[in-house]
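Just below is one structure, and these are the notes that go with it.
To keep things simple, chains are lettered A, B, C and D as they appear, and every chain counts its residues starting from 1.
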Amino acid sequence: MSAILLIEQVLNGLQFGVMLFLMAAGLTLIFGVMGLINLAHGSLYMVGAFAAAAAAAATGSFALALVAALSAAALAGVLIEVAVIRRLYDAPHLDQVLATFALILVFSEGTRWVFGSFPLYLDIPDALSGPVTLPGGIQYPLYRLALIGVGLVVAAGLWWLTQRTRLGMQIRAGKDDREMIAALGVDISKLYTLVFALGAALAGLAGALVGAIQSVQVGMGEPVLILAFVTIVIGGIGSIKGAFIGALLVGLTDTLGGIFLPLILTVAMAPEAAAQTGAALASMLIYILMGAVLVWKPTGLFGGARPA
Amino acid sequence: MSDAVLSTHGLRKSFGALLATDGVSLDLRPGEIHAVIGPNGAGKSTLIAQICGSLAPDAGQVRLDGIDVTAAKPAQRARRGLARTFQVSALAMEDTVLENVTLGATGRDGGGYGLLRRALGRGDRHDRALAAIDRVGLGGVADMPAAALSHGQRRLLEVAIALSLAPRAFVMDEPMAGLGGEGSAELTRLLDALRTEAPILLVEHDMDAVFALADRISVLVAGRVIASGRVDEVRADRQVRRAYLGDL
Amino acid sequence: MKHLLLATAACAIGATAAMADVKVGMITTLSGGGAGLGIDVRDGFMLAIEQSGRDDIEVVIEDDQRKPDIAVQLADRMIQSEEVDVLTGIIWSNLAMAVVPSATAQGKFYLSPNAGPSQLAGRGCHPNYFNVAWQNDNLHEAAGAYASEVGYSNSFILAPNYPAGQDALTGYKRLFEGDIAQETFTQLGQTDYAAEIAAIRASDADSVYFFLPGGMGISFLKQYADSGVDKPVIGPAFSFDQGILQAVGDAALGVTNTSQWSKDLDNAANQAFVESFVAEYDRLPSLYASQGFDTANLLISAMEKADVSDQDAFRAALEEADFDSVRGDFRFGSNHHPIQTIYAREVIEEDGVYTNRIIGTALEDHADVYAAECNM
Amino acid sequence: MIPERLVTIGAVAGLLAVALGAWALGEIFTITLATRAAILALAATGLNIALGYGGLVSLGHAAFFGLGGYAMGILAFHAQSYTPLELGSLTIEGTKSMPVIWLVAVCVSALAAWVIGLLSLRTGGVYFIMITLAFGQMFYYFAISWSAYGGEDGLPIYLRNSFPGVDTLVPVQFFGLCFAALVLALLLSARLRSAPLGLALNAARQSPARVAAVGISPTRVKLVAFVISGAITGLAGALYADLNRFVSPAMFSWQLSGELIVLVILGGVGRLAGPVIGACLFVTLEHWLGGLTDFWHVWLGAILLGVVLFARGGIVGLLTGKAGPHV
């Protein structure tokens, strides 16, 4: 394996990781502030992708598609927060799991009802299409580089938001002490709606960005949701920093594992058997990583105290 | 010291820069009530957590009946006869008084994992549970769920569960917390009689109760024992008066 | 229950029903991922029934949600409760494997409009099982043959790591005469192919063969087109079908794919089919629609010759395959799988719609390799 | 209001009556539906021990269901192809005998539950939910890519396995077997609930510190319950595979884990009859709603939301007028 290919694969892992971060950040923020486990987060990812595809088809503009994705996902987020989610903040986890599971059913079948069963079309904008040559002669798709950039910018923005702004201060306070924040005169229910909408918008953004290089279809959110869960379990639930590190770890492990395991196995096996066995093992790799982290640190890399 | 039922030796625990307990050594002898007092933040809760096993000390030892139990988990310590009560009632709220106390009687003899017999009903455990319930005066509400009890009754239920363990030593974390004058008096009478069953390490803020019950008092301030001795000795201690009793 | 009762009331009273009515149970995927395929098969099938004008066919249609256990349950219901004579409709090999063996063992006919797993073509073949589409390997074999024919000598091949994917690569290698640069198995349902595309770029392959059905193919093609790698790509028709092409868009233009059917196939039956399908459903027919259409016509041709209650006669009638297939010549091999010509197509844009046109013949009168293992 | 004991007996008798009635009327498919309900009820009875008694929200119980299914699939596959199963130096003959298959299914899923429980009980709450979900997915992906046993295609078993003295191919007799397994599991569940383990488990759900303070390790109690729970669900998986004469990775899917929780909640969490009523209701809904509209999942979702937000005790809660355990 050449160095160029290796670097390219690392970039791929990175790109996968930062997109995963967009999903995981919303999940972990919502859990950290409101103590809510949201299975329907994957549905918001799907809503973003569908909204982007519909807007792109109508206007032909990728920028408008992104705006549509952000606003549709945020709107869907506000809608379900007000209608369902806010009744669940003090409810046991079981109720949260069930209610958000029910939301997945409604969202998935509802989307199919509206958009039909065929995948939708969403393409990369012309300005970002095609490969660029990086130093060292590496050919790499410009759009994927842009994705890495967007992910890093969002990560920096989230850090700034939570650490440097008044809203962030309220979020951090709300995490530790709801009564205190209420006593300060902040409308806690508005704050929660806002945080939920923010998480939803991040998921919608991820859906739209990724939708341009994948297929926009019903059910696209669930595999990503599960990976995002693995990510925040590894990083520590409630920690944005943990979500970032966890996402990069999962992205790199998954990408590089899929490449290297079959190659390593060819030492001991026939190529075809190695390819199959390697792929089978690679599909389990991130879960093994998660198990290993849990044995070492039961609350994840940046998790707080043992949860109740 | 060899006759102490429960003893700690140089227990130290820090959280970051904060030294919560700093070399605490105490002992509890048969038949006595040993009170631990101190202002808020003195490290009393941390001390109890280390004695009962929910927090591992950075250094030091806990001995029960002369055996080092520092590495033992809370459940193992309980099976060796260490019975605790909680500052904030920790009860199975949906379960009845009888079920809560039977759980204690069951756990003490290692029967908590059994599948073959019934948990409730006739038998040695049942008898021990009923005896403990009667002893604290909850006989009339034995079939009520804990959630339906008054605050005072829940405090008594905590004691009944501890009693059902037939313990070697009690560790009680502010049993009087939140009780009115009458409730305190009733619980004080109960604890007074309990010391013959097993000695009591009593952490308490209610000074009336402490002076009425304690054979010995240790004063914990900023993680250190600054005085320890008979009630009148501690009362007279100038350091204690300045550091603690002075602001009573 | 979504019974589609084509038997009219008048006929139900039926003064002159010489032959018994035939009850067909269609189990297909109408909801969730992959529903587009089932909908096309259903629409093609029903179009043929409608055009036949017959009122002695009753079709019961149920949605398997692409779940094997649901499919089994539906089959149980159709056999035990609805007492159907013929089953059809299943899209996916794994669902077919769950349903077909026990259905045929219970004396029902099964006409497969899509899935053709190798087990059912070889040792697991059954006199009551007919495949009207293809044996799973066929289009892959054709792709291998065509790749050799146009002079490719070193292929990078990839497919998801599941039985159909493994069969696909085996099928391609069977008739491909060149070398294999690398053989890669991806995860089923994988949506990002950056790593594989990087490996393709780094390899010395002169061509790429991929089998990635559904959304996987869309993702792969879009990412491949964007990567700037310009090695020619070949695939089976599944990733270039009418339903899916619009979602792939420009990325698919010019890609070669193999298929036993294409909408520009020049025969009367096909022209009539395409025309009437567009008129009826206001969209271009897909490969799956053509297979559903042929399946229904096969059934109708057998009904004209024999009564379904006489199993041996009905089976013989099916074996004759005496109908005008939209793919031109069509006959069954000894294992009741098609012997047919497979074409190479190219993706083009036509009146703003992405579609395919035939550019050559990959395999003439091709049968599958499993027929030899089948003892009926 | 109706006493819980009566609700339990009524639910079980009702299921039996439906099957026997269908048998008398020759409605074979209704027997198949009843069998499906009985098997799902068995799986949910297993889950109820972890979820209802122990408060362990496992979103990965499909792992045990699938393992039970594959235990059946693999043993029967080797029996029908007359090839022994080679595990290193160990050679195991396949079998078509249900009692043997059940034993293996129970042992394998118990072992998996022990390992998963050991890892996931290191933490609690929301971590537990996500970790069980993730391990379930791990089995799912492995099963898909494990081509030796069919991978994604699954593994068909051409003839239903055998049980001494029973013709398992006759629907009502197979129903009898599944029903018997369900009744046994319910008896075990009832026994567990009233045994010291049940008392401790119930208390550990409400206050782990209390349980530890009386000398019982809450983690160990939960682990034992999780293992028993997984084993019962594994047995259900083996029966389900035999009902369909087919196993596939879909048995491992996380949607199935979610549906099992849904069954328990619809019926009544922590109640003996909860899983039985929930399973019967689910199968009925699936059958009728599925017949009315292609989009029946939307309505299932709406019903579920209604139960979660407004009727937490499920059907048993409505019938007995008492809120169940708080999970």
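Operating definition for what follows: contacts are C-beta pairs under 8 Å (C-beta built on N, C-alpha and C of every residue); 3 or more make two chains touch, one makes a residue touch a chain.
These numbers come from a predicted model, not from an experiment.
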Central chain (by mean CA position): D
Inter-centroid spacing, subunit C versus subunit A (mean Cα positions, whole Å): 36
Distance between chain centroids, defined by C-alpha means - subunit B, subunit D (Å): 43
CA centroid of subunit B to CA centroid of subunit C, Å: 74
Length of the line joining the C-alpha centres of subunit A and subunit D, rounded to whole Å: 31
Subunit C residues counted as touching two or more neighbouring chains: 30-31, 161, 166, 185, 187
Contacts with 2+ other chains: residues of subunit D: 141, 144-145, 147, 295, 297, 326
Contacts with two or more other chains, residues of subunit A listed in rising order: 108-109, 112, 276, 279-280, 283
Chain pairs in mutual contact under the definition given at the outset: A-C, A-D, B-D, C-D
Touch list for subunit C against partner subunit D, complex: 1-2, 30-31, 63, 67-69, 72-73, 76-77, 80-81, 93-94, 97-98, 101-102, 105, 117, 160-164, 166, 185, 187-188
Subunit C-touching residues of subunit D, taken from the complex the two chains share: 27-30, 32, 36, 141, 144-145, 147, 150-154, 156, 158, 171, 240, 244-246, 248, 250-251, 290-291, 294-295, 297
Of subunit A, residues touching subunit D in the complex: 31, 37, 84, 87, 92-95, 97-99, 101-106, 108-110, 112-113, 222, 226, 229-230, 232-233, 237, 276, 279-280, 283-284, 287-288, 290-291, 294-295, 298-300, 306-308
For the subunit B and subunit D complex, residues of the former touching the latter: 52, 54, 73-76, 78-79, 83-84, 86, 90-95, 99-100, 102-104, 106-108, 110-120, 161, 164-165
Partner subunit A, residues of subunit C touching it in the complex: 30-36, 39, 161, 166, 183-187, 189, 191-192, 194-195, 198-199, 201-202, 214-216, 218-219, 222-223, 226-228, 243-244, 246-251
